[in-house]
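Note that the chains take the letters A, B, C, D and E in the order they are written out, and that residue 1 is the start of every chain.
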Amino acid sequence: MSSRIGAAQKGLYNLTVMWTFFHKLGSPPWLYGIAGAIVRWLLPLTILALLVGAAWGLLFTSPDFRQGNSYRIIYIHVPSAVVALAGYYVMAIAGAVSLIWRMKMADVAMKAAAPVGAALTFIALFTGALWGKPTWGTWWEWDARITSMLILLFLYLGVVALYEAFDNKEAAGRACAILSLVGMVNIPIIYKSVDWWYSLHQPASIKFSGESAIDSSMLYPLLLMIGAFYALFTCCLLMNMRAELLQRESRTAWVRRLVKPDGPR
Amino acid sequence: MTDSAVGESLAEVKDLGLARGGRVLFESLSFAIRAGELWQLEGGNGAGKTSLLRILAGLSRYGFDGLVSRAEVPLYVGHQAAVKGLFSARENLSWHVSGGCVFADEQIEQALQRVGLCGFEDTPSHALSAGQHRRVNLARLFLSEARLWLLDEPFTAIDAAGVSELQERIGGHVARGGAVVVTSHQPLHVDHTVHHLSLDGARIS
Amino acid sequence: MLLRRQLSLAIRRPIEIGNPLVFFAIVVALFPLGIGPASEQLAMIAPGAIWIIALLSSLLTSDSVFRSDFDDGSLEQLLLAPQPLYLSVLAYLCAHWVVTGLLLALVSPVFALMLNLPAEAVGTLMVSLALGTAVLSLVGGIGAALTVGLKRGGMLISLLILPLYIPVLIFGTAAVQAAVSGAPVGPFLALLGAMLSLAIALGPLATAAGLRISIDA
Amino acid sequence: MLLRRQLSLAIRRPIEIGNPLVFFAIVVALFPLGIGPASEQLAMIAPGAIWIIALLSSLLTSDSVFRSDFDDGSLEQLLLAPQPLYLSVLAYLCAHWVVTGLLLALVSPVFALMLNLPAEAVGTLMVSLALGTAVLSLVGGIGAALTVGLKRGGMLISLLILPLYIPVLIFGTAAVQAAVSGAPVGPFLALLGAMLSLAIALGPLATAAGLRISIDA
Amino acid sequence: MTDSAVGESLAEVKDLGLARGGRVLFESLSFAIRAGELWQLEGGNGAGKTSLLRILAGLSRYGFDGLVSRAEVPLYVGHQAAVKGLFSARENLSWHVSGGCVFADEQIEQALQRVGLCGFEDTPSHALSAGQHRRVNLARLFLSEARLWLLDEPFTAIDAAGVSELQERIGGHVARGGAVVVTSHQPLHVDHTVHHLSLDGARIS
């Protein structure tokens, strides 16, 4: 009995903690500070992981017996592709939060995620194209994954462009939130349809035939790079958010104090 | 001067503040618009009259501080005429987008007559003059059953005779227990107490 | 009621209703001109070509669904109206579909003929166009609502909604190609139907929200 | 001066200039999606497809060359201005060409790549696009001027000017196809150049006359 | 009341007649607008004021009877503001479509100051209020070198202070030997003889 009361109390306590946490999340100066703190330790770690992963992947693994050295681009290509896809969901969920709970900070997060995601998508496409030339003999192929990646890039660009087109940034945030939610409904549909469409025309798959054969000596640096890219995404996101916060709150007292610590309050 | 007893509140504003483009337009504005009241918003160009009316109407929903509540859907007449050039005056009214309820043909006929559009009922609206074009929209003042009217410079492009007819209509609506908020750069000549709300310094008089 | 208003706005001039048709006809004529008149080649690309035309014409016209109402202040009145915005929006988009998609679906046999599409695929073409263009109109409405308040929407709307159009394009052409090759078309049409139901349920909601934002910006 | 004004209207927002590009990119992506990814087939239709895209994007955007100026009364002021209307119109159309045609010509190599066009035809593609789209802008201006005063121009402009576009389409694709097959491309480009001179001489005159009529209606 | 000696004729109209939509708006109208004259066109909504001004400006060139001649290009201010929303007030003036001649930056600065747009020079015009938007266009009255001004309801949406400033400017222009034709539903308060041309019965007074 008493333990149940205790549990209930604990639940209540948790709820209040959650609530104050949410409340704090909604407070720009707090978010600005905490994001700064996270970036401060995460960024060096990310750079370290990137360096180690790159060195490991590029220098300490053996060349592939079929593709020679060109396969090493996988250490950039796959992580950026994976994180670009995940980034869209981060953006869309932030958009949903900002629409439903009217949390301004989610809005900021969504705005900050779009360009980072677009950049990662572009990197994935670019490295894929570079890789395609030596392996497939063509820069571009209308393959299911490639096509859906291209569409993902357009979805990201759409969000960025829509945001920029609005003068009223609050309205811009809501409009982008709607767009990214609609896009989130569509991503699985697009993926499935492109997949299906491709298999309809050319059932043979050139690309991922060697996938299962991936060697563990290649796998571990790859996993490390994927982790590093996730961290990189987080860092860029947080730094973007900090910049956006400063811009949005440029007229408030805390920003003024930040910029001119000894200025008039 | 007739002034009805204090009626129920049709719209209420608490602690309203608005800043646009870095300028504070008004701050901590609190008032209630009650049935039987006529309010005139005053202020120079760019004082924030339109912005305040749109907030009252519920068209602007964020970007301001404070609370706004409305008892019912108001009739809003904005800077734009909301008249489709391809439709005739009659069609514009009978298919008006805001009309959940459809008006009878005679009602529309009458309303058009009241705004002086006799003989122009079936002209496509893009072939009307500027003032006639606005009159098509203003005919809604003779049709609507909304109690709260929010009119943003309703007298624009209307000739002197039309203005006095409209002012009469506004006075009549207030006398029948409606409430009207008007912005206008001309003084109102109405048989009714006018509450002035000047936004130049954002104080209530 | 609103539907009737929008439709009569659309067909106010007799010349208007013919225009989209002529547009389709001319663009259909462009394909042989641009690609070469070899008939087997044309037949091969016919489903795709007709679908691309449907897509583009839906895209181009959806920008204007709310534009004139926004410019003349009618949209404000619509948002203030007592009826649910969901229904009003549905009426607008339905009118848009009738004068673009449905019309195209009805005359598509002629174009199929011009592009040498086999006769047995024509029925599928019509049904898939009718279903698919309804989805296009509903999705296009979202883009139109989000961009109508922008001073320079420009081509932004195409960037926003073309990616969303792509599943419709793929399944639509797949259905027609299945019909050409004699494969069953049921699954594709069912998929288009499923997309349509999803679009009817969610599209007007997003559109309505978009309109509220645009009017406020 | 007017050219500078129009250009800066067009590129008021940095994001704006990217929009047409993205539009082209998406429409280029539609072709393989609609027609199928087989690369030799794509290469076959590539010249035609790129030209059709150029045509459509010129068509779609030329409607708006004078539209906003008409709506806000700037066009009246332009007609009353002391400088010759011929030059003003040329400036407007030139700005339109820069942000649609020239831009498309500059990025067309990327699209050629995506559609597997042989590399040796890319130069011809760029030159023919640059010349041809200038003609398209000038011709489109005539249609825009004639329809700008109509309350529902709608797709009327496409009806008016698409037939005039067709010679450009034919010679443009012919030039690219000649380059693909190794034939001399000079005659085709010369023809396009001749059309351009004719269009520069006559197009703005017709456009100016059309504007005077539209403003009066 | 100052009235300059009869100046040269800047625009002349002979036997002008116009019918629109089956109604005769005016008939056999003949008059000349001379340097130093101020004309006010009067008439209810739909009387034909705008139509007459557009004929005078040379924007309408057919559909009427009679002869119109102008000595030079007039400055025309119509119902529409001719202000591009994307441009700031400054850009709108320095890149004005009608400007063959480019104005110096200080001139524009001054003109904007005169119309009370201090502090809004670089705001994009779509973020201006209705009255400020029209003021951008009216700043041309402080820049233009045209002698004949044709102003179609220039006081629309302008606040009381702005209207008296504009009327002063109009009076000043006439006093300096220009000529102005104004339509307005409000009486003009100018230090100058006003020639009234009423279109309600199309007679000259």
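The working rule: a residue touches a chain if its C-beta (ideal position, glycine included) is under 8 Å from a C-beta of that chain, and two chains touch if they have at least 3 such contacts.
Because the structure is predicted, anything quoted here is derived from the model rather than measured.
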Hop count on the shortest chain-contact route linking chain A and chain D comes to 1
Per mean C-alpha coordinates, the chain lying farthest from chain A is E
Taking each chain's centre as the mean of its CA atoms, the one lying farthest from the centre of chain C is chain E
Chains sharing the largest count of C-beta contacts are C-D
Note: chain E sits from chain A at a C-alpha centroid distance in Å of 57
Expressed in whole Å, how far the mean CA point of chain D lies from that of chain E is 38
Chain B to chain E, mean C-alpha position gap in Å, rounds to 29
Dist(centroid_CA(chain C), centroid_CA(chain E)) in Å evaluates to 46
Flagged in chain C as touching 2+ other chains are 12, 71, 152, 156, 159, 162-163, 166, 170, 216
Note: chain E residues in touch with at least two other chains are 79, 85-86, 124, 127
By the touch definition above, chain A meets two or more other chains at residues 151, 154, 157, 161, 165, 167-168, 171, 194, 197
Residue set of chain D touching chain E in the complex reads 1-2, 4-5, 8-9, 12, 68-69, 71-83, 88, 212, 215-216
Per the touch rule above, chain A residues touching chain B in the complex are 168, 170-171, 251
Chain B contacts chain C in the complex at 57-63, 73-74, 76, 78-87, 91, 95-100, 102
As the complex stands, chain D meets chain A at residues 13-15, 18-19, 22, 25-26, 29, 32-33, 36-39, 42, 113-114, 116
Listed in rising order, chain D residues that touch chain C in their complex are 12-13, 16, 19-20, 22-23, 26-27, 29-31, 33-36, 41, 44-45, 47-49, 51-52, 55-56, 60-61, 71, 152, 154-156, 158-159, 162-163, 166, 169-170, 173
